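In the two complexes below, subunit A is the common chain; its partner is subunit B in one and subunit C in the other.
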Partner chain A sequence: MAKLLVVDDEANIRLLYAQELSDEGYSVVTAASALEAVEKLESDSFDLAVIDIKLKNESGIELLQRIVKERHTLPVILCTAFSCYKDDFSAWLADGYVVKSSDLQELKDEISRVLAKRQKAAFT
Partner chain B sequence: MKAVIMAGGFGTRMQPLTCNIPKPMVPLMNRPIMLHIVELLKKYQITDLVMLLYHQPSVIKNFFRDGADLGVRITYVTPLEDMGTAGAVKCAEKYLDERFLIISGDLLTDFNLQKVIDFHESNKALATITLTSVKDPLQFGVVITDKEKRITQFLEKPGWGEVISDTINTGIYVLEPEIFKYIPEGENFDFSQDLFPLLLKKKSALFGFPVKGYWRDIGNTDSYREAHHDILKGKVSVKVDESRREMAGADLRLGLDVKLGEGTAVEGTVVVGDNSQVKGGSQIKDSVIGRNCTIEPGVKLSRAVIWDNVYIKKGAKITDCVICNNVSVGPATTMEEGGVVADDTSIGEESYIKRDVKIWPRKVIESGSTVTGNLIWGERWKKSLFEGEMIKGLTNIELTPEFVAKLGCAYGTSLPKGSHVLVGRDATLSSRMLKRSFLGGILSAGVNVRDIKMVSLPILRYKLRTFGEVGGVHFRQSTDDPATTEIVFLDADGLDFSSSMGKNVERIFYKENFRRAHYMEPGGITELPQVMDFYREGFFRGLDQQVIRGAGAKVVIDFNHSPAGQILPQILNDLGCEVIGLNTYLDEQRGAKTLDEKPNSLQQLAKIVVTLEARAGFWLDPTAEEIVLVDETGRIYAPEELLCLMTALMLKSGARGALAVPVSAPSVIEQLAQENGSSVRRTKSMERSMIEASISPEVIMAGSMGGRFAFPKFQAAFDGMFTVAKTIELSTAVGLPLSSVLKEVPRSSFLQGKVPCVWEKKGGIMRKMSEDSLDKEASFIDGIKVSFVNDWVLVLPDQYQPVIHVVAEAKEQRRAEKLLAEYMQKVENWKKELGQ
Partner chain C sequence: MDWECCWSREEVEPENCPYVGEGEEDLYTSHRRRVVEKCVECPRFKNDLARMKGSGSPLSDVLPFILTEFQEQKAQMEAMLSFLNSKTREIKFLREVGIVLQTSLDLDEVLSIAMTAITAGKGFGMNRAFLLMTDKERRHIRGYLGVGPRDYEEAWRTWEDIGRSNFTLKELARDFQKTKLSYEKVKFHDILSQLTVPLADQGHIFNRALQGKKPILVENALNNPDLDRGLARILGVDCFLIMPLISRNRRIGVIIADNCITQKPITLQDMQSLETFAFPVAFALERASLYERLQEEVAKQKSANLKLREQQELIVKMEKMALVGKITSSIAHSIRNPLMVIGGFARTLLKGSAEDDEKRSYLESIVRETRQLEDVLSEVLDYSESLFPVTDFWDLNELVTKALAELEGAMEQAEVVCRQELSSDLPMVRIDYKQISYCLKTITSTALACMEQGGELTVESLNDGDGVMLRISDSGKPLTQTAQEALTAPFFQTQELGEGGGLSLCKSILERQGNSLTIYSRPGGGNTYSIRLLTRKENI
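== the complex of A and B ==
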């Protein structure tokens, strides 16, 4: 069972993602801020992180950069209500980019794509 | 009465039929078109002929000579320059002192010429134009006459709006010698454009006489094929040399010494020229076969026109096509309607020549090819487009803008609609031209393009590793041949295209099964100006910057005029290195240096490194993927030495993990890894295999046997620019000069050889090698590698060349030499055995 870290500052979104992704068979841990995410990353190991770009007073992209620097094998999917960050090259470090929608299918597809890619690499 | 046959045309519209012979000599029912005209004139007792030649006159003169064999008298006139139709006739003025008839040498007609002459005479005309009615008068000159048949108006090649008659000028005229008064000497003067309008203006006796009968201007290859259809259907009667044979239900004409095998099915009208053989079991319908041809069993010909010395092998199917002289058609080949194969061409077995494809002379179509477009300039039509991850071909000859646009469309069709692809190129103008054409094709399939313009391949790969694009394409000049362009295809992860991806694009290309976007939904082009910054940031993150900054290393880099020269010096300067850049400027016209220049460049580089007392020298290949290293003593490293050195540097600097190297790499790598608590993953020699292995999180470095390295912490792709920086970092961390590090590496003798071997025998050789290795310790990752305790030998068939590689490694030079010689001899012997 793949273990996911979902980082979002909105409690409802965290709840929704945790439920929907658990139904998909993932083990889900949530974090409300970048700080909390870093703490959880240090104490636990994850297969993938889903990060909202706009966190309260913090930037998801900065969190992404920190993860790439310190844990470059952990894949990250950026999840945001804005598509404009696609053009920000700091965001290109992510493995995937999903524009938030009430339909979570795109996020689920992206998670399974990125995990499959990593799994393939691990087996090579 | 005399006649002038106009036989000077170039026959440009008839190409490729007229590539080697002038148009009037193109065979119609196994006889030159012009011979039919001579027969027609003879029928009306016109035997004093003037032939007006211009293009390839000797071919016509050699055939007709003085005309005595045909019962006519021929005078040849060859104007020195293009004088126009009337101007050319003016050159023959001295032979035309009586009434004369003019006719083109490339017509098929059965007109009653006597009626035209009689009309001319009874009307006391100065000039009479023979007229006929056609369904489509647009491409001819329309002529209007009054009740007395006097011409009142000319209309040259009218548009449909201007068509007021379907009566056209047939190019057959009867003229009085006085006509020469109206034709200026030494000037380009045309009958229909200049002379007749002048006569009309002067109210001379200019008449038009409409004639009933068959008339066709054999102006292009379609018309040529249709002329044959008309003859075979009996619409027009022409003389056929081959004699009629009794055969129920068919009109069969056979030349001398023709062998018609039993069981040959003949339908309609079939003509077979002298000394040809049609083997039993073939089916021939409404076709003309020339002299000295062989038609093998199972061949199906329908409405085919075959010239001389043609060999059509078993099971070929040819429908409504023209095959010119000295052509060989391979077994089970299919040719669709409208095809033309010009002289001296060879078509391999099971080829498929699509509708209306024209193949110019002296071409080779590889077995199993599907030919979808006209093959004019290049020499070969390849069976498969892809060679590994790339498509390469001669710029503007094999890879033309139209070909590449189609390729772009096929590639776009293979991707999801609305997706994005990343496209870049090297500095050459030809890459830019072809890339632009390719983009048009991609957009037409409704796929978007992110154009990152001139960029090194590793940068393109680096961007592809992130989200946003489903694939990438890079255009570059080949290092082997500056006239060749290579189009490198990458998948969504920046890896080289796999063979199945290539096959998918190929299938769409050959079937022309393109997805065409709705007019509102073609793809769009955007730019990504920040790609360089993104690469640069990742580059820094992948290095121990502190180590490099502290060293202040001086290095010399030969950039080979590649785009890497625009980015790497700046990056290294920012890291505190002093860079002496050679060949850093971009030369759009010249492109990169060729491989022939490489040894000189390396010598030069070595000299500069020593003179400037630099830490190292690097030669970067034009794609910025490969390096050659020169150490501080000026020693140029062989690829296998470089691989050993880089391995030693990595491990000495404290890095631990797995090293991915090809099967053919020296076993010293294992030795080094073992001593340092690391492991080695042997991969196939294909670069994609090495890169696939390097994606794995444990792999710290992948190294090829060609100076290519990937450091997965930065990117799992070969990157020469990063390799340069990493070498500086590692050598600084190790704290030893490069030459000292190499000295510490255990040495062995590593030798490589190759044996030429045709494709068909490669499988057999490998079977023999595997039988030979049964009682030995062997590995089969790529080719067959046999181990003898500390030594080994590898026999590996090349993927793209007709060559078998033999690689041997031993502790002692003599042992390696012996192993190499022994196995090369084995391969030679197996080749002979397989040949028997």
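== the complex of A and C ==
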């Protein structure tokens, strides 16, 4: 069972993600801020992180940069209400990019794609 | 003594003097004039003089001196009269040329009158003339125009034509400007192109003439040690005149004139006449070229002013648009998260509900409406993004091919045949690739939506003045005026939120980048969407 870390500052969205992704058979841990996410990453191990780009006063992209630097094996999917971040070069560090939508299918597809890719990379 | 000639008689009968011609009959009764005009040349009078010598008259020794002196004076008078006549003609001609030169501001007109004056028989009557002018950078003298025949055949034909036409000089010049100027400009291209000389080359004969402000008559050019023989070979003549054109100490150019056909020697008088003529020509040439440059500057200024005004209007418009974009983007973002939560949970609930649950339809409504709101939000965000185009030079045909490939599925589904007629020699266009691609896709989708199953779609690209035209034509029902306006009206005035937003967004994207979108519906059926993209750099 893959373990996911979901980082979003909105409680309802965390709840929605936790619910939907658990239904998909993932083990989901949520964090409301970048700080909380770092703490959880240090104490636990994850297979993938889903990060919102806008986290109140923090930036999801900075969190992404930190993860890439410190734990480069952990795949990250950026998730945002802003489609324009697609053209931000830092966002290219992420393994996936999903625009927020009430239909979570795209996010789910992206998660399984990234995980499958990582698995394949680990085997070869 | 009985004289042979009639000089001693007051009046004579016609049979007494055979030298009085027709129209001179009054000489029979006018004694004095008859003696002066006829008798002094008469052989009979000479015989009388010889006989007088024999008679021992005291006048017989003196009279021949007086007679010789009289004849010499008469010849001199005649020569002076002829000179005076030619000068009068010249002054008249210079006056005629002067008036045109003083009043004309048109370079071609000045050139025509000057070159005609030099080469026409009514003017200076030279066979051929070349005008060389100083270039704008004032570094070289360059061959500009040559006038005259290239060979004897042509010369003969031209002179015959002129002989028949009986034009005044002014008329000749006008005729020349209208019918021959452009031809003459290319006729001597081979010679003119070899006549470029740097102004810094002090030793060159052109610069020597300009320096000395005096014409130079070159004779025996092929064997002249002071002269570059190349020049004589280029011109193909041994004798020619170089006339400097100087106006207020500015070196305007040089005229080379020769008699390449008749080989008539160039006289001192020819040279002096041309010298008098050179100053007004130089002045008029300078004035005309200054005027031409002034006109160019005025046109440039006008277009700069116009552009400035357009830019100002654009800035005001862009500021407004940017504000609208900022507001819409901020609203859209604050709506997106709650909307996602509402729609997301509705979907979760819908998944968990039983097939026969009556509340299922409510949840389905929530999901559907949320989806629609999310689509609108995406469009609004696309719009606010469109306010900041990133432009670069792109190959339009490549963009069209890629965008249409993405729509292949939709076209197959609608059973629409798509024909691409792309011009192969299009210039690159300066556009925001993403945005224009979006416009093309949106317009094509709109066209597809308006068509019935199995229509035909034509996408063509072609050159259009300073821009490129992209035309998308469908075979669907023609849109009404209201429908067209609704489709392109800014922001959601139609009932179909999505479509209305799409085309109006395209229009605003295109217009902001200085381009345009027009829709034309053919009464017989079909609509054409024309996108005009500018290739000019400064439009962005």
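Definition applied: the second predicted complex is superposed on the first by the 124 of 124 C-alpha atoms of A that agree within 3 Å, B and C clash if a C-alpha of one lies under 4 Å from a C-alpha of the other, contacts with A are read in each partner's own complex, and residues count from 1 in each chain.
Criterion: a residue touches a chain if its C-beta (ideal position, glycine included) is under 8 Å from a C-beta of that chain, and two chains touch if they have at least 3 such contacts.
No experiment lies behind these values; they were computed from the predicted model shown.
Once subunit A is used to superpose the two complexes, subunit B occupies space that clashes with subunit C. Applying the stated contact rule after C-alpha superposition, one finds that A:K69 touches subunit B and leaves subunit C untouched.
Applying the stated contact rule after C-alpha superposition, one finds that A:L55 touches neither subunit B nor subunit C. In the superposition on chain A, A:L93 makes contact with subunit B only, while subunit C stays out of contact range. In the superposed model, A:S102 makes contact with subunit C only, not with subunit B.
Within the superposed three-chain model, A:C79 lies out of touch with both subunit B and subunit C [touch as defined at top]. Using the contact criterion defined above for the overlaid structures, shared-chain residue A:K117 touches subunit B, although it does not reach subunit C. After superposition on chain A, the stretch of subunit C that runs into subunit B among 187-195, 403-411 or 529-537 is 403-411. Counting contacts by the rule stated earlier, no residue of subunit A appears in both its interface with subunit B and its interface with subunit C. Those residues of subunit C that touch subunit A in the shared complex are 333, 336-348, 351, 367, 370-371, 374, 378, 381-382, 385. Partner subunit B is touched in their complex by these residues of subunit A: 68-69, 72-73, 86-87, 89, 92-97, 117, 120-124.
Per the touch definition, subunit B reaches subunit A in the complex via residues 463, 466-468, 493, 530-531, 533-534, 537-538, 541, 692-693, 695-697, 713. Those residues of subunit A whose C-beta lies close enough to touch subunit C in the complex are 10, 12-13, 16, 19-20, 23, 81-84, 99-104.
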